[in-house]
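Paired with subunit B in one complex and with subunit C in the other, subunit A is shared by the two complexes that follow.
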Partner chain A sequence: MALDNIIERCQDLYDDLRFSYVKEWKAAQPGRHAIGYMPVYVPRELIHAAGMLPVGILGGGDQLDVIHGDAYYQSYICRIPRSTIELALTGRLDDLDGMLFPSTCDVIRNLSGMWQLKFGDKLIRYFDVPQDFDPAVGGKYYVYELQSLRDELAQLAGRPITDDDLRQSIALYNENRAVISELYAYRSREPWQVLTHELYLLLRAGMILPVDEHTQLLRDYMVAARNTKRPVRDNCRVVMNGLFCEQPPLGLLKSIELAGCYVVDDDFLLVARWLLDDVPLAGDPLQNLCDAFLTRSLETSCKFVPQQKDKGAYLLASVRDNHAEGVIFAAPSFCDPALLDRPMLQRVLTENNIPYTAFKYSENSGQMQPIREQAGTFADSIKLWSAA
Partner chain B sequence: MTTDITAQGGVQKEKSMLLQKAMISANYDALARAHDEGKKVSSTFVPGNLNELLMCFDMVRNLPEINALQSAMRKQTGAYIMEAERAGHSEDVCTYVKSDLGMMAKGSIGPSGQPLPVPDLLLLSYTGCFTFMKWFELVRDQYNCETAMLHVPYQADGKITDNMRQYVVMQLREHIIPSLERVSGIKFDIDRLREHLAESARAEDDLVWVLESAKHKPSPIDAYFGGVYYCGPIFTAFRGAPETTEYYREVRREVEQRIELGLGPVTPEGVLDEERVRVVVEGPPNWTHFRDFWKMFYDEGAVVVASSYTKVGGLYDYGFRHDPDNPLETLADYCLGCYTNHSLPARVNMLCDYMDKYSADGFLVNSIKSCNSFSAGQLLLLREVEQRTGKPAGFIETDLVDPRYFSSANVKNRLESYFQMIAQKKTRHGVAA
Partner chain C sequence: MTRAAGIDLGTGVVKIAVFDVIDGETTWLGKHASRIRRRDPLVLARQGYEALLAELGIEPDSVDYIATTGDGENIPFRTGHFYSMTTHARGASYLRPGVRAVVDIGALHGRAISTDERGKVLTYRMTSQCASGSGQFLENIARYLGVALEEVGEISQQSDAPETVSSICAVLAETDVINMISRGISTPNILKGIHLAMASRLVKLLKSIKVREGEALLTGGLATDQGLLDAMREQVIEQKLNVTIDGHPDSIYAGAIGAALWGAFRHDKLAQADHAIPASSLDDYDASAPFTQTEVSQEASDCPLTGTRPVQGGECPAGEIDRLRRDSVE
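Take a look at the complex of A and B:
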């Protein structure tokens, strides 16, 4: 498939706030179920193993008119919950048979209760992951929670989810993560070849397409990208941080690129990269998912960092490994997790002489000029600094 | 019979309030002296605090939320928040955190005017609020002190499962108690814990009696503004200590007296003579204008008969008591049971129950800009309570400790029209009956 066609397909999926793909997927085989989930992390392997379609619900972006949602939220709460409730109130999520709300923050936590009050006839689950990473303590708790989610999904599916079902799903998600890592490595090596807004659209497609189909799409993209020589620009290399929940408008990502920045790492859609290694297929699948979560998973604001010395180490490593010259902090307005974390991450960068800039956005931010100017000034200052 | 009310600086105070003041000031003294006396200091949060356990290790307890609110009442937090924002903290985030960080940046002089020590341990009871985790990471970023995380799962389905309880108990056993032993150098003595727990339960009985006294007409207490005083000792550094049991005995005695005399609540303006409106309030109070805010209720004869804020440190009125026979399990249940660890539907049920049990005429939400934990979902909660009870609901917005977000004229206008509307409704119904 040609590169343009792949991106066009992703863009269509991204633009479709009616989730027609879910409707079609369900209609293709009677009895199928689809389960929505919000950022940051849920074990999608379980949903898949139940024969269901996991669907990332990521707010309404900049194309949705929020008419009812504002009546549910005060002005000082971020935008993603109000556009998410708008999606539900306007029937756009009717094809979902359930929703998972991970323990990302209190807004998503409380949204799970709003769902219980408004849409109580569906499967609704708040998914609390451990903040104690001792396998004998947090691990024990987590395996039980995984089992209980498995039971609930099995009940909805009307059939048990066997260990072999789980292993098959784990294998498919392992493969998907490996290909995503390849894509990230490719962008880091040749960022002019993998434009960040395209990478973002590709990841977004993975929030709705079945995992195997998505893996193939990513492979097709990489083949197509390798066959398309794109101009190399004199851009600076940056890591973007803070975008793990409410989604940045596509225009924001394009503006950063147009302002002279190559994004070489980011924290978009972490669910797709949360587990850092392959989850082993041998042994108890839930235990394996649990161990991967406890010992080899990404860091973000929603996860406690037990030791002070480790705070921000992941960001520093990302800057170094990707040869980035600076960091752009972009956080949703009123996002406690991203905004409270930021000063600590900035301290780590300052101590290591890594320049950064910071701004806020909303999923429906329309005016990109100030962001473009800020990113442009940042890129210029990096170039000046490295030339000096 | 007379009541024990004294006037201090034009403010009416009961004996129990003076007792509490003495307890708070003794704790600030203890904090200021702690390191000189070789004592260790633990900072911890109000919801799900493990005061009884900390006492077993002779640790002096510092509660940053209390520092923030006490500083706000002394009009200090505006400057602290500005200081934190100058240092790069966003204007969008919880102002309790910024007040604390700003106070640290300005030399860590506590609300009593005495220095606050660098904590030896940050006991992160992670209950009911995401921000707690970031708050202590930020404090640790300044002081590099040991941090013990106690992750308390959320009661999303309105119940405590065995898995949740066991998880908390295991964390206590495997991580929290060993950390406390290491930092304090004192070995854990479970019998000492049992004694403190038994003491807590005695005080809790009296607290519940006091809170439930608001079922009387007129109510002898205000369960929001007055309620924060009643809950103060049990929610903070004093639960499990004998003087706290004494304090609650005294409060109960005072309230009994007021019931006998048919008196309303004691407010800073004096005893409320005529109870015109009874309301249930959801959400924390504003601390920077606490007295003005209370007066807005007083002026309209509005009494708060039940509030959710007085449950952030535990839902004792639904039967929970610290249980010396199951020391770790009871601590787990306590942490799991705080108000903000309850789901939105459970909060709605509880508030509707209060509306009914306390014969309230209206339901008021004070929505706090800082607090996602309380505020996200409150507009739906408001509509649900209004629909289910058929009683008028009101809505105001303020902040905890940021004076920039308390618009006196606006809040007063809204409250006046809301209370007057309720009073009129009551009169109409009264006439019709």
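Take a look at the complex of A and C:
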């Protein structure tokens, strides 16, 4: 498939706030169920193993007018819960048979409560992940949480979710993560070949397409990208941080690229990369998912770091591993996790002489000129005045 | 030797400069400027670039780095892009070595920039929400008055009693001008009033970045407007600054000069690190590529006054750039 066609397909899925794909997927085989989930992490393997379609619900972006949603939240709350409830109140999420709200922050937790009040006839679950990484404490709790979700999904599916079902799903998601990891490595090596706004659209497609179809799409993209010669620019290499929940408008990503930056790592849509390695297929699948979460998962602002000395280590490693020359902190307005973490992360960068710049956005930000100016002058300062 | 080209894609004019740099010694080989008018700026940039190289007898492949600035980030054959204040600061330090302050007045923005001796931007401030500090505004007024843009400065210098104009809002200022015409105010006094209003804002920008003494060079499309230069000098006195405001015959090329020189600098820096980027071959790009304004510039928020969408930069109502291109006099 040609590069443009792949991106066009992803763009169509991205633009469709009516989730027509979900409707078509369900209509193709009566009795199918679709389960929505919000950022940052849920174990999609469980949903898939139940024969259901996991659907990432990531707010309304910059194409949705929030009319009812503002009545549900104070003015000092970020935009993603308002636009998400707007999606539901306007019938756009009617094809979903359930929603999972992970423990990203208090706002998302509150949203799960609103869902219970408004849409109590569906499967609604606040999915609480452990912040204690001791297997005897957090691990025990998390296996219980996974089993509880498994039971609820099985009840909705009308059949048990067997260990073999789970293993098959885990294998598919292992494969998907491996291909995404390959894509990220490709972008880091040749960022002019994998444009970040395209990578983002590809990941977004994975929020709605079945996992095997998405894996193939990623492979097709990489083949097409390797067959497409794109010009090398004198851009600086940056890591973007803080965009793990409320989504950046596509225009923001394009602005960063136009401003002279190659994004070589980011924290978009972490659900697709949360587990760092393959989850073993042998043994108890729930225990394996739990162990992967406890010991081999990504770090972000939503995850507790027990040792202060370890705070920001993942960001430093990302900068070094990807040969980045700077960091762009882009956090949604009123995002407690990202904005509370930012000073600590900035301190770590300062101590290591890594330049950074910071701004805020919301999913419907429209005026990109200030961001372009800021990112552009940041890129200039790196290109002209850095020691490297 | 490093050969670099700078292309400054402005709102109204495309400016191009080509330099050779040998051991830090710069040689300005040539320059080119063309008004955009109704033409596609990207196509115009390429045509101008090719025409300049042909005029200089330079093979495109001999150019090591093609640097863009202004709105040139969409030029497909660029090697790299630098932001306007970065390039204007460098261009000013080339045109007037030792200068530490720059006032860049383009079609959409006015900027005051302070620099160090290397041309590094230390701080800057630019006009914010309104176009009344910009060349676009002056061009509109000139058109209402039936005056060619090139005549504006000279006519303004004939003023004996300049009229006060709103310096806050381009739309209100245009209303002011219509009222002045109906009251029989002379064209020189209207234009001088406009110049003083613009100069007042620009000198305030200089004050805001704490430039209170020394020399400031005007750059950008309006830098050769003698009427504006006079008004700036009056405003410096009015606002009690000890700053010498000056222009340069090549001030409009400051952005292109700065881009070329920074491009040469980057080329050498990358080459030293063994990371030189091969210059683009023009053959790889379609010469008739349409100017595709990115979604970025189309996503500006609505103008609170007119309710219309500002163009890139959020400075003036939709269609204004197109109107300028249609109506500009070459």
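Following the convention adopted for this analysis, the second predicted complex is superposed on the first by the 386 of 388 C-alpha atoms of A that agree within 3 Å, B and C clash if a C-alpha of one lies under 4 Å from a C-alpha of the other, contacts with A are read in each partner's own complex, and residues count from 1 in each chain.
As a working rule, a residue touches a chain if its C-beta (ideal position, glycine included) is under 8 Å from a C-beta of that chain, and two chains touch if they have at least 3 such contacts.
Just so we're clear, the structure is a prediction, and the values are computed from it rather than from any experiment.
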item: Superposed partners subunit B and subunit C on subunit A - clash or fit; value: fit
item: Which superposed partner A:P285 touches (first subunit B, second subunit C, both, neither); value: neither
item: Contacts of A:K140 with subunit B and subunit C, given as first, second, both or neither; value: first
item: Angular separation of subunit B and subunit C about subunit A, which is computed from CA centres of the superposed model and rounded to the nearest 10 °; value: 100
item: Contacts of A:N110 with subunit B and subunit C, given as first, second, both or neither; value: first
item: Touching partner for A:G61 - first (subunit B), second (subunit C), both, neither; value: neither
item: Touching partner for A:K383 - first (subunit B), second (subunit C), both, neither; value: second
item: Partner chain in contact with A:R342 - subunit B first, subunit C second, else both or neither; value: first
item: Of subunit C and subunit B, partner touching more subunit A residues; value: B
item: Minimal inter-chain CA distance - subunit C and subunit B, angstrom; value: 19
item: Touch list for subunit B against partner subunit A, complex; value: 87-90, 92-94, 97, 124, 126, 129-131, 133-135, 137-138, 140-141, 144, 147, 149, 151, 153-154, 156-157, 163-164, 166-167, 170-171, 174-175, 343-348, 367, 369, 372-373, 375-380, 384, 397
item: Subunit A contact footprint on subunit C (complex, rising order); value: 65, 73-74, 76-83, 85-86, 120-121, 262, 265-266, 270, 273, 277-278, 280, 284, 294-297, 299-301, 312-314
item: Subunit A residues touching subunit B - in the complex, by the definition given at the top; value: 71-74, 76-77, 81, 103, 105-107, 109-114, 116-118, 125-126, 128, 130-132, 134, 136-138, 140-141, 144-145, 148, 301-302, 304-306, 308, 311, 331, 333-337, 339-344, 346-347, 360
item: Partner subunit C, residues of subunit A touching it in the complex; value: 62, 229, 231-235, 249-251, 254-255, 258-260, 366-369, 372-373, 376-377, 379-380, 383-385, 388
